[in-house]
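Below you'll find the structure I mean.
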Amino acid sequence: MPSDLAIRPHAGPAAARCRPPIAHALGQNAGLILAAVILLLCIAGFAAMFWLQQQRLPGNFEITSTVNNTMPLALAAVGQSIVVLTRGIDLSVGGVIDLTNALAAIWLTGSVLHMAGVSVLIVLIGAVAGLFNGLLVGLGRLQPIVVTLATLSIFQGLAIRVLPQPGGAVPPGYTDVLVNPNQPTALVFLVIAVAGWMALRRSRLGVGIFAIGNDESSAVALGVNAMRTKIAAYMIGGALYALAGLFLAANATAGDATTGDGYTLSSIVAVVLGGVNLFGGRGSAVGAICGAFITTMIVNILFFSHINPLYQSFYEGLFLVIAVVFGALIGRLVRGRR
Amino acid sequence: MTRLLPSVNALRVLAAYGAAVLLFVIGEWVHPGFASFGSVTSILLVASFVGLVAAGQCFVILIGGIDLSVPWVLNAAAILLVTTSLGEDGRALYAVAATLGMGALAGLANGIGVVWFGVPAVVMTLAMNGIIEGLALGLSGGMTCSTCASYAPPVIAAAVHDVWLGIPAALWLWLAVIAVVSFVLSLTRFGRVTYAIGNNARAAYLAGINVNLTTVGLYALSGLFSAMAGILLVGFGGQASLGMGTPYLFQSIAAVVIGGVSILGGSGSYLGAAAGAASLTALVSVLLALNMPDYGRSIIYGVVILALLLLYGREQRE
Amino acid sequence: MTEAALRGMDASASPPDQATAVAAIKVSKSFGGVRALRTASFAARAGEVHALVGENGAGKSTLIKLLGGRLPPDSGTIERAGQPLRLAGPADAAAHGIGTVFQELTLLPWLTVAENLLIGREPRSGLGLIRRARLAPQAEAMLAGLGIHHIDPRALAADISLAERQIIEIVRVLIRQPRVLLLDEPTSSLVEREVEWLFARIRELAAQGSAVVFTSHRWKEIASIAGRITIFRNGAEVGTFTGIDEAEAITLMTGQHVATLYPARAPIPSGASPALELTDASVNGGARISLALAAGEILGVGGLAGQGHRELFLGLFGAPPLRHGSIRIGGKPARIASPADAIHASLGIALVPEDRKSEGLLLPLPVRDNLTLPILSHLSRLGVIRGAVERRMSREMIQRLGIRTPSAAQPVGALSGGNQQKVLVGRWLLAESRILLLYDVTRGVDIATKHEIYELMMRLAAEGKAILFYSSDTEELAQLCHRVLVLRDGRIAAELTPPALTAEAIVAAALHDADSDNAAIRGATGDDAARGAAGDNEARDAVHDEATRGAVGGNITARGADGGGTMRGAGGDSVAMRGARTRGTHAE
């Protein structure tokens, strides 16, 4: 057709202008791939260090305890990444985990059915907390960082009200289901989380989340309901933080209303290490899970290298900066080639 | 309708001061004597610590950044001060200089990371917090070193507690800081440049402003103020303790935002942030006076912040 | 590529169905204190191609935004097929069969082309989940069905060129088969072959009974495809015409006689050493250029966009500095590593950048602050700004340039485009710059202010300032400049002086070999040139766009910086019918 915009370069077929799909897949997922690579390197490093110390490779016990210890952070990181994808941030993570952890310690008694019901209720409470955040951000048009700063305080207060002193007890049966101390069965839950993420990406809501993070006004022009999408994102986050609180309670077998506080900043670190862009629109929850494991691996490596534990934060901070700078360099190289 | 007042949104600042006054009135009502001169000054003294940290936070938030390294720069400053001065007045000057220098250096590193390496402010300052924590804990042996239990030199304690004209010296210091910082932000080139960068860094660059240098300088200032707060806190409390800096991070951010400074940068003033610090401290004090338990204070603290934000903290439509 | 081929179907033939497809009835819209539309009315019929013309600030873009649902009217109604509508947004408009390609592209940069195209209508599996593997093939098929074979659906929107993004934006609307198609400056970033493609699609749509409305500044395009033409001036319609000629249209658009637009050129003072000499510099990593600019001279730079102009201007200002080459100012070697160096009193260079809203002005800050920004050090004593001096200087400059503002404390964002531009120029006059680099300073400026700016330029040159002037309007270059250098591919392709200095000559030198240039533009190297400095992909993410690919003389309208519907003229309109006319003459 003469009106075809079929302008072909002088040599080669039209398709030659297009890069092979694999090149695109690599370039566009650079953050995730980098996170996976760093994770593998950390695992390798840990294995090497372990072998030097113990003359054997890390076995079932080490893997299981690593997985169980990382579960809360991994789940919190997934929730945080979904919020960050909308160009937001959630500082109330710690508060929700505090609250749900405290509730779990008190309510998890009785029959299996009762405990299952309580678990569902707790997750719902997390979702309600997220709803609160989402309404303030989406409907109230307040900035996420300040809203979640305030709600953090509210949730922390509620947690202390529920459980003024560390205590409560989580039945061993519950612990066995969530964070089985003998097998890394908790990985199953991670697989479910990843499946959930993949479903989200393929849903209208997921597309809306990415769209808003890219450019909110364009997304709105395209028919995305910004308010509802943001509310949904914060609610999903809240539910995941609640799950993290449950896993934390199961792992610790008791409750503590302040034990979740550190997860706020840790979840942000995990998200960043996982290649999720803090300005929204780019990244994957799978990367956030990798980031959570990288965080734990670093702690393990530091432990096994017999570094003075007082200096632990120093190395963690240093690692974070180096990882981010390194990642940015790689990202620029990958895209700069085009 | 867009309220395009330049730099300072007078209404927000007034609202912040109004909130502080209101809180004192409420306090007086539920607990007579709350608003007495002595009571107000001691509450404001406590507020001054938040206020000092908020000054540094204000500077970086004005250019759209943030400083999450406050907790441990503050804590490290406290530890450094006591271990360097060993409680002796003769070493006080040297100790203060070294401590402030440490704070500025930490801030400088933050600025360099943000500007040169393109690390987002959230990440860089968070990492710096960890780095300083590790260094402080490691070098002091977890605060078990022989000198760690030293007291602050008496001259520093005096600089906090001495009362002139009925007002504690540290409060005078804060008032002076308010005056100086407000002056700098509204009447000097440095202040004008800060607002310009916060509004549009590219346009500022093309007008000949050295955006990078100013940014690094602002982060250094933030570190300086955190260190200053650490020095005064240890003068107030006598000894350094672990975790003394933690509450000041979120409080400083809250104070700045309540004071009408946009978290996105480019507008707001330290006058407002100071009012924010006063309001928040007054709020906590009122709740304490009401014998409100721990959890209630937390919850109400958060609710009040949200209420104030909803009243006047909304950003303009993007 | 002749007009005959472009005409194709005569789109102005009366369609059998005269029904009004979409109409605006007595609509008004104001932004801040400025009335963009004043009880304007407009109607487009089914099956016709209807052009909207007018100069900047006339209200065309605002009207499109109202019809397309992007903004609600302050008063008046929008109707679709005779039924009044209250549109909640462009998506709502789409539900009523109205598809709009706005001037500000709405592609999501970190999504792929395929994801952008299919957003909201992705292929789904039985479970209702999107089949991601099918996105790219389906997008590819859609593109092929519309005759596009060269855009990779797997590429990120941020990684394709501006013209390709414009095409994808158009395709996204076309695939929904709109009954009303609205296009705001659709060809601003497209080269001729792409424009042909678009017009073929437009004709197809019109033949199927859809109404097509588009705004443009290029008379040649309008003449070739539009059936009826509605002229807007000052926020209201002047009339709707068929078969009007360009000169008449211009008179109606501007309401004034065109001949007095350009002031007379002053002679260059002789003998003075060059104010600025550039030797052997490279703007695109390849070819080298040298140029010399004398005090009192207006040296024009012309050529197709993307050939190195932006790099040249930014490089002379140190933002970033040019690779290779050396610069002498006033005969002495100068090292310009940053804008601060360039602005320094010893060099006295000023840059009025392309996009005043995102690169020049600090919109929420007062006029006064914007005026004095570069000279704050001079205005300060020990770091403290001398307020009285600042107020006096800004007051004087406002008066001198006739800047219309209620006060010097007014936020500059509330001023009209023309006055904003004056503030920018005033800033550099306050800085007493001796060398002015003016980059497309009349873009998005109404004609009266344009005239004022021309007079100002002449006055400044007469006062001894050296001016380097880039414009996308070849007639401006031909009329205002003492000399014009035409850039092509980072080289100086031609140097034109009167009497050889005409708009046609500039166009000829810029295009030189039209066919191979078009191919070059398409091929890899051309793309890189069009994208600005090699590897400078980050610049694309920045709010300021890289130079677009409009043909010279057409009106280079890079996407206006965040219009958001609040800025007059959507920041992108510019005049120059004369440019389009010269392009036409060249083609014949």
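All chains are identified by letter, namely A, B and C, in their written order; residue positions are counted from 1 within each chain.
In this section, a contact is a pair of C-beta atoms (placed from the backbone, for glycine too) under 8 Å apart; a residue touches a chain by one contact, two chains touch by 3 or more.
Keep in mind the model is a prediction, meaning the values are calculated, not measured.
**Q** Once you've mapped the touching chain pairs, tell me: line, ring, star, complete or other?
**A** complete
**Q** In terms of C-beta pairs in contact, which of B-C and A-B ranks higher?
**A** When the contacts at B-C and A-B are counted, A-B has more.
**Q** Indicate the whole-number Å distance between the mean C-alpha point of chain B and the mean C-alpha point of chain C.
**A** Distance between chain centres, rounded to whole Å: 45 Å.
**Q** Let me have the rounded angstrom distance from the C-alpha centre of chain A over to the C-alpha centre of chain B, please.
**A** Spacing between the chain centres: roughly 30 Å.
**Q** What residues in chain B touch two or more of the other chains?
**A** In chain B, 318 touch at least two other chains.
**Q** Could you pull out the residues of chain A that touch at least 2 other chains?
**A** 217
**Q** Where does chain C touch two or more other chains at once, residue-wise?
**A** Where chain C meets two or more other chains at a single residue, that happens at 564.
**Q** Please name which positions on chain A make contact with chain C in the complex.
**A** Answer in residue numbers: 1-10, 14, 17-19, 21, 24, 27-28, 199, 201-203, 207, 210-211, 213-215, 217-223, 281-282, 332, 335-336, 338.
**Q** If you look only at chain B, which of its residues touch chain A in the complex?
**A** 66, 68, 113, 117-120, 122-124, 126-135, 137-138, 141-142, 250, 253-254, 257, 263-264, 294-303, 305-306, 309-310, 313-315, 317-318
**Q** So in the complex, the part of chain A that touches chain B is made up of which residues?
**A** 89, 91, 136, 140-143, 145-147, 149-154, 156-161, 164, 216-217, 265, 268-269, 272, 278-279, 308, 310-318, 320-321, 324-325, 328
**Q** Using the touch definition from the top, list the residues of chain B that touch chain C in their complex.
**A** Answer in residue numbers: 2, 4-7, 187-190, 192-193, 195-196, 199-200, 202-210, 266-267, 318.
**Q** Quick check on the complex: what are the chain C residues that touch chain B?
**A** Touching chain B: residues 32, 317, 319, 338-340, 342-343, 351, 353, 358-366, 369, 373-374, 376-377, 379-380, 383-385, 387, 409, 411, 413-414, 427, 542-544, 564, 566 of chain C.
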